[in-house]
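Below: a set of structures, written as structure tokens.
Below, chain A partners chain B and then partners chain C, in two separate complexes.
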Partner chain A sequence: MARVSLVWLERPGLEGLAPELVARAAGVALDRGGLVEAVVVTAPEAAAPPALKRRLLGLPVAWLDLALEVGGGDDALRLARAAAAVARAAGRAALATLPPVYAPQPALNVLVAGAGLAALAAAYEAAALGHPVLLATPLAAAHTPGQDDDPEEVSLLAAQLPASVTLAPQTELTELTGAAGAFRARLAGPQGAATQTFGAVVLAPAGQWSVSCEVDGLDPALTRPVWQLQAQEISGPPDGWLYAAVLAGTARPLTADSFSRALRAALALAQRPRLQVALLFSEARVASEGGERLFRECRQAGVLAMRVAPGELTVREGGRLLAWPDPLLGEDLELAPDLIVLADQAAAPRPAFLDNRLLWPSWPALLPDNPRFSGGRSSRTGLYILGALRGTAPGAARREEAADAAADLHERLTGKLVPMPVVRDKICARCLTCVRTCPHGVPRHIVDSIQCAPAGCVACGVCAAECPAQAIAPPGWSNPEMFAGLERALALAAQPRLVLFACANSAMPAVGELSAGGHVWPAGLVMQPVVCAGRVGMHLIMKALELGARGVLVAGCHDGNCRSVSGNLRARLRTEQASQTLGELGLDPESVQFLHLASNQPRALAQAVDQMAAGALEG
Partner chain B sequence: MEISSSLSDTPQSTPVLILGGGVAGLAAAVDLSRRGLSCVLAEREPVLGGRARDFCCKAVAACARCGACRLADLLAEASVRPQITIYTSALATTAQPRDRGWQVELAPAGPAQPAAAGPGAPLPGRLSLAAQAVILAVGQQPFDPAQKSSLGYGRVPGVISALELEARLALGAWENEPPPAKLAFIQCVGSRDQALGRLWCSRVCCGYALRLARLLKAGRPEMDIAFFHMDVQDYGRAWEEELAELRQELRFLRAMPGEVALGATGPEVVFALADGAQRREAFDLVVLSQGLGPPAGAAALAQMFGLARIVDGFLGQPQAPVAAGAPGVYVAGACRGPRSLAESIDHAGLAAAAAAAHVAQEAGRG
Partner chain C sequence: MRLNDGDPGFKHQVAAEPGGQGLKSCFACAACSARCPVAGHLPGYDPRRIIRLTLLGRREEVLASPLIWRCSACYSCAEVCPQQVRFTDVLTAIKNIAARAGCAPPAARAGASLLAKHGRLLQVSEFENEKRAKLGLPPVEERPQDFQRLLNIAPEGEGSGEEPA
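Presenting the complex of A and B:
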């Protein structure tokens, strides 16, 4: 076991703490510039001076944002809190498993499968960042626009594609496995099928028009979707009027983009001679850029804007007569149009290979409705889902997604900070728990061993929490390391001892805000920051209790907000199980709790910690 | 963190200068560093985060997808990236086009400030910076509801703005005192309003107001909440299912109240529904859902960089998603037009890509 030294960097929030006293209380040596075996630094890595980083190169280092964990209170309390935090970090540093010296290089090339603006933009942006790109499209040509794209914008972009983009027309992606740095893709083209390796994959199939939900039973001879409308070829009869109805979300409201398209169709019709246009809608979805002005322009051009409650439009007389209740008159309004225009929306078919439940999570798990999965990201690292397939509005939003995806994949494939899970092959039972539970699809079972995609891991630690053999963990997050840290910290902590497992995306920013404001934490509280609450499995909870903790609080993100999709729910499940086990043993089930939290809810965290401290005192 | 106390160790030039340290500016900075480019970010206020700091988390049983948590993510990301230099309390005063870019003068905004927690340090003094590209990410100005005086803001007690409600909730409002029994949201305050010359939908107000309503209702199911609106805008991928539930929980009233008057017990909302009859209803609290407008400094910035503004006073050019209208100048986030936090972050990524392409192109010019 390495001897640990404390490197003291003075930081805001550490004022008044004597480094010697903290080091002595924590049972570590204070660094005075000599030889060291392993160190704890009182600052995050980003705040360390380059000279220090050079000096510590190759050593086990625990970067500890100490000020965050100390908080306010009198000198004795702050000293005790600082000592517990340093002891915890020292316990881990003493055992630190350095990342493997040899890690496979991630592949740098990018596969863009699809066509249209989103696909071209992704190819362009990835190539601009130096990645060789294969643009595979099932269509005859890569520059074929999606039906909902602006053809001019697409051909302009196609003309700018650099030579590092290889075009593979009439080529379909039929199978895909892997994660960032090591995808295996089977491509079927005119020259046959072959499997290739890619570092990242972008799925951006071209959009295809469909009518967005409107009423049934309309006379097909009268109806036309917006995409087939040639307004400039329509005019009223010489001796009268032609009546057109534009159905813009009568069964259910449209998206803002579809509504704007319907408005443009109505306006184009209204500007034709002897045409009377009615626009029927349930909600005016004017949130697209210029939508409100367009809506006004329509009405000024003589379009009758008629509101129909969803589902109240009925079709009569063989689909030629529209009727709906009017709230003011108390009776039905009727309209017998000569032309019925239906709002449309583009969608793209989901690739069939994603239906393989053994290899791919369900669609909602792959593309979570989660604010942290924006910019084209999916839950599989290195896989990006763009454009119509994602449901992104045409135009600028697709270019945004492509640019964001390219920057993300570039950093993931070329960055130095991607962790590589350590698999202890000798004790691994090949039970495939890690393969099943990794939210990012990183571990794979290849030729009777577990191998990890080289650029896919985010160190959430779900594998370490779930592996029954304790055979896999991101570097620094193995059970022995975490146990050692908790053991040293809890040995120092005052009674009643409490452990807070704090997710880096929610609880730690809240801790930081509280501590910066001088919040006084209970003397016996040991904080254990984790990348994701999903790192907290049964082993860790039970170890904390075994080491004398009277209360264990696991604080993770709200449901639907986890950067690792469901690491928070997994942690909640484990705390519930631990709590039940305690109850069955006749112990206090309340001593293990889970808290859903966001980074901007520090008060909720403070309350939960205080409550747990009070409960531990009573119990 | 080492705080540079003199100008000797401050950069004199940077590939990209970002004005504004809200979510868009931070996202642009992070995105540039992903692309291997360094940048200088200048924020006018002493703290980073912009408007996003004012929003509370709206999760009830699950995340409400408001995106407010993304600010902490971005601050954490910006703080670990050495390519990003951040100055707070820094104001751009002049900008001159120069060979391959801009010469921008930064000056301390207001009196010297102590360093706030998190990344960045106050601008130590005046700084003249050569930048190859500039990203304007100066955010938006929430509509001041006092300008629509008929709705009683500042005049009738019990009428507050949505931002004030956010702040109260973030501070734990009504935890120790009885909550209002009857509450009304009035939508489109400063949006879709011809009389005010604000002919745009602010995109985000339906989403934030309905999320706030749901948050209030969750803890206090007996609360009576009315939602006065013209149209309910699309506010997320699962909006239709959420709306169906919300219609059971809240009173959706399709009416734009003409007046909020001082009644015997509190504010009274005067409105007419589709049948045309005028109604008057008393509430304990009326929340005005203020819209988003062009940032206060938009005109000055446009003049500084020689930009024409798009029709509603926002920065940028019609038909161009991020080009601002001068060489090497780009816009990111809600200063380009109303955007949610998540949309601003995505938009900033495109602005960063465009700025990076500009820098690369200039470098290629040799």
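Presenting the complex of A and C:
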């Protein structure tokens, strides 16, 4: 085990702490600039001066944002808290798979599979950033526009494609595995099928208009989808009114873009003479650009906005009469329309290989409703899903999305080095748990061993939490390293000992805010920051209890907020399982708890920690 | 109710009347109904419902309703409306149309005939002027001719006395 030195960088929040005392209490040597074997630095990596980084090159370094964890209180308490945090970091550094094991050079080439504006724009933008691009399309030519594209814009863009874009027409992507830096794609073309490696993959199939059938039994003679509507040819009779119904998501809400298209159709109709338009919807989705203004213009033009509860619209008289209960008047309304306009949306078929549940997460998990996954990103690093397949509005938004995706893949393939998970091949049982559980698709099973994609890991540690053989972990986050840190920190902590596993995205900012405000943490609290709460598995929880912790609190993000898709839910599940096991053993099940937290909820965190401390004192 | 039986032109007619401009902006949020002090005391009185019926073209039902005359013109609805409907003004437009259609209630008619007769809603007599003199105020004269000319109404007319121009 390496001897650890402490490099003390003075930071706001560390005032009044004597480095010598902290080092002595933590059982490490204070760095005097001599030979060292492993180092704890009291600052985050980003705040360290370049000269220090140069000096420490090649050494195991634990970057410890100490100011975050100390908090307020008297000098003795602050010293004890600082010592416990340094001891924890020293324990990890001493075992040292640190410094991070960085990846071999990831592949830089990009596969764009699809056609139309989104595909061309992605190929163009990726090539402009210096990536060789293969544009594979199942169609006869890549510049075939989708039904929802502007053909002129598409042919203009096709003419601008640089030479570094290789076109592969009549070529279909039939299989895909891997993650950023090392995708394996099977392409079936006129010359047969072949497997190639790509650094990043963009899926952007050409869009087609489709109607989401909202109700059954409409008279087909009356119905017309929005994309086929010729409003300027319609007007009412000289002595009366013509009635049109626009169905804009009565069964379930439309996308904002689809709703805007329906609004434009309703407005065009309402501006015709003696035409009365009723717009029926379950939710007015006006979040697209100009959507609210368009909705107002529709009402000003005399369109009747009719909210219908989902599924309440019924069709009678052979599809010629619509009926629904109006919640505002509390009575049933009917309309015998002369014309029924159905909202449409641009859609694209989902590639069949994504249905393989062993290799791919479900569609909602691949494209979570989480703003972090906008701009073409999917939850699989290096895979981008654009255009109609994603549901992006036709036009300029698709070009912007393609540019975002290209910038993101460029950053991921050529930006800062990404750690590689360490796989201990000799004890790996090839159970494929890591392949199934990694939310980023990094570990892959290739020729009877687990190999990792070189640019995909974010060090969330879900693999380490789940691996039954403890054979895989992001560098620095293996169980032995974390156990060693907890052991040294808990040995120093006062009774009752508590462990807080704090997600770096939600809990640690909250911890930092509390500490900066002088919050006094319980003396026995050991904080263990983790990249994602998903790092916390049964091994870690049980080890913390075994080492004498009376309470373990795991704080992770709220549902749907996890950067690793479901790391928070996984951690909650493990916490519940641990709690249940404790109950079965006759121990206090309340001593292991999970807390859903956002970074702006420091008070909730403080409250949960205090409660746990009080519970540990009683028990 | 079948929407085809409504009068699609009614909403446009109200919107074209002075004060009615905001009618079609309504998106039925019910902020007006929640704020209206009259709605709290008078069951059945609901500004949003009146707007809704007007938009659906239920002309007879709206014009004949006694409820449209119960607004206290406090403008609370205009204060809270996110779409600048100004319901009080919209209702004035509707009342004007109702009056022209002969739907004004007796109280409104009595008010109009008082205006035609006295130029005020209150008859001014010696009693009032003596009080004013004690306070050092000039006497008030009844000048109904101004109103008769302005509103084009005849004094004590046999026909509907409140016909505005």
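Following the convention adopted for this analysis, the second predicted complex is superposed on the first by the 488 of 619 C-alpha atoms of A that agree within 3 Å, B and C clash if a C-alpha of one lies under 4 Å from a C-alpha of the other, contacts with A are read in each partner's own complex, and residues count from 1 in each chain.
As a working rule, contacts are C-beta pairs under 8 Å (C-beta built on N, C-alpha and C of every residue); 3 or more make two chains touch, one makes a residue touch a chain.
Everything numeric here is computed off the predicted structure, so don't read it as measured data.
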item: First, second, both or neither for A:287, with chain B first and chain C second; value: first
item: Partner chain(s) touched by A:561 [first = chain B, second = chain C, both, neither]; value: first
item: First, second, both or neither for A:253, with chain B first and chain C second; value: first
item: Partner chain(s) touched by A:407 [first = chain B, second = chain C, both, neither]; value: first
item: Which partner, chain B or chain C, touches more chain A residues; value: B
item: Partner chain(s) touched by A:74 [first = chain B, second = chain C, both, neither]; value: neither
item: Partner chain(s) touched by A:506 [first = chain B, second = chain C, both, neither]; value: first
item: First (chain B), second (chain C), both or neither touched by A:296; value: both
item: Touching partner for A:15 - first (chain B), second (chain C), both, neither; value: neither
item: Partner chain in contact with A:334 - chain B first, chain C second, else both or neither; value: second
item: Chain B and chain C footprints on chain A, overlapping residues; value: 284, 296, 328
item: Complex contacts: residues of chain B adjacent to chain A; value: 1-2, 31, 34-35, 55-57, 59, 61-63, 65-73, 75-76, 79-82, 115, 117, 170-172, 192, 194, 199-201, 203, 230-234, 236-238, 240, 273-276, 311, 321, 337-338, 342, 345-347, 349-350, 352-354, 356-357, 360
item: Touching residues on chain C, where the partner in the complex is chain A; value: 1-4, 8, 11-12, 24-28, 48-49, 52-53, 55-56, 83
item: Complex interface listing, chain A residues touching chain C; value: 241, 243, 274, 276, 278, 284, 295-296, 299-302, 304-305, 307, 328-329, 331-336
item: Chain A - residues contacting chain B, complex; value: 11-12, 43-47, 49, 125, 128-129, 252-253, 255-256, 283-287, 289-293, 296, 327-328, 369-372, 374-375, 391, 395-397, 399-401, 403-404, 406-408, 410-411, 504-506, 509, 512-513, 516, 557-561, 596, 598-601, 603
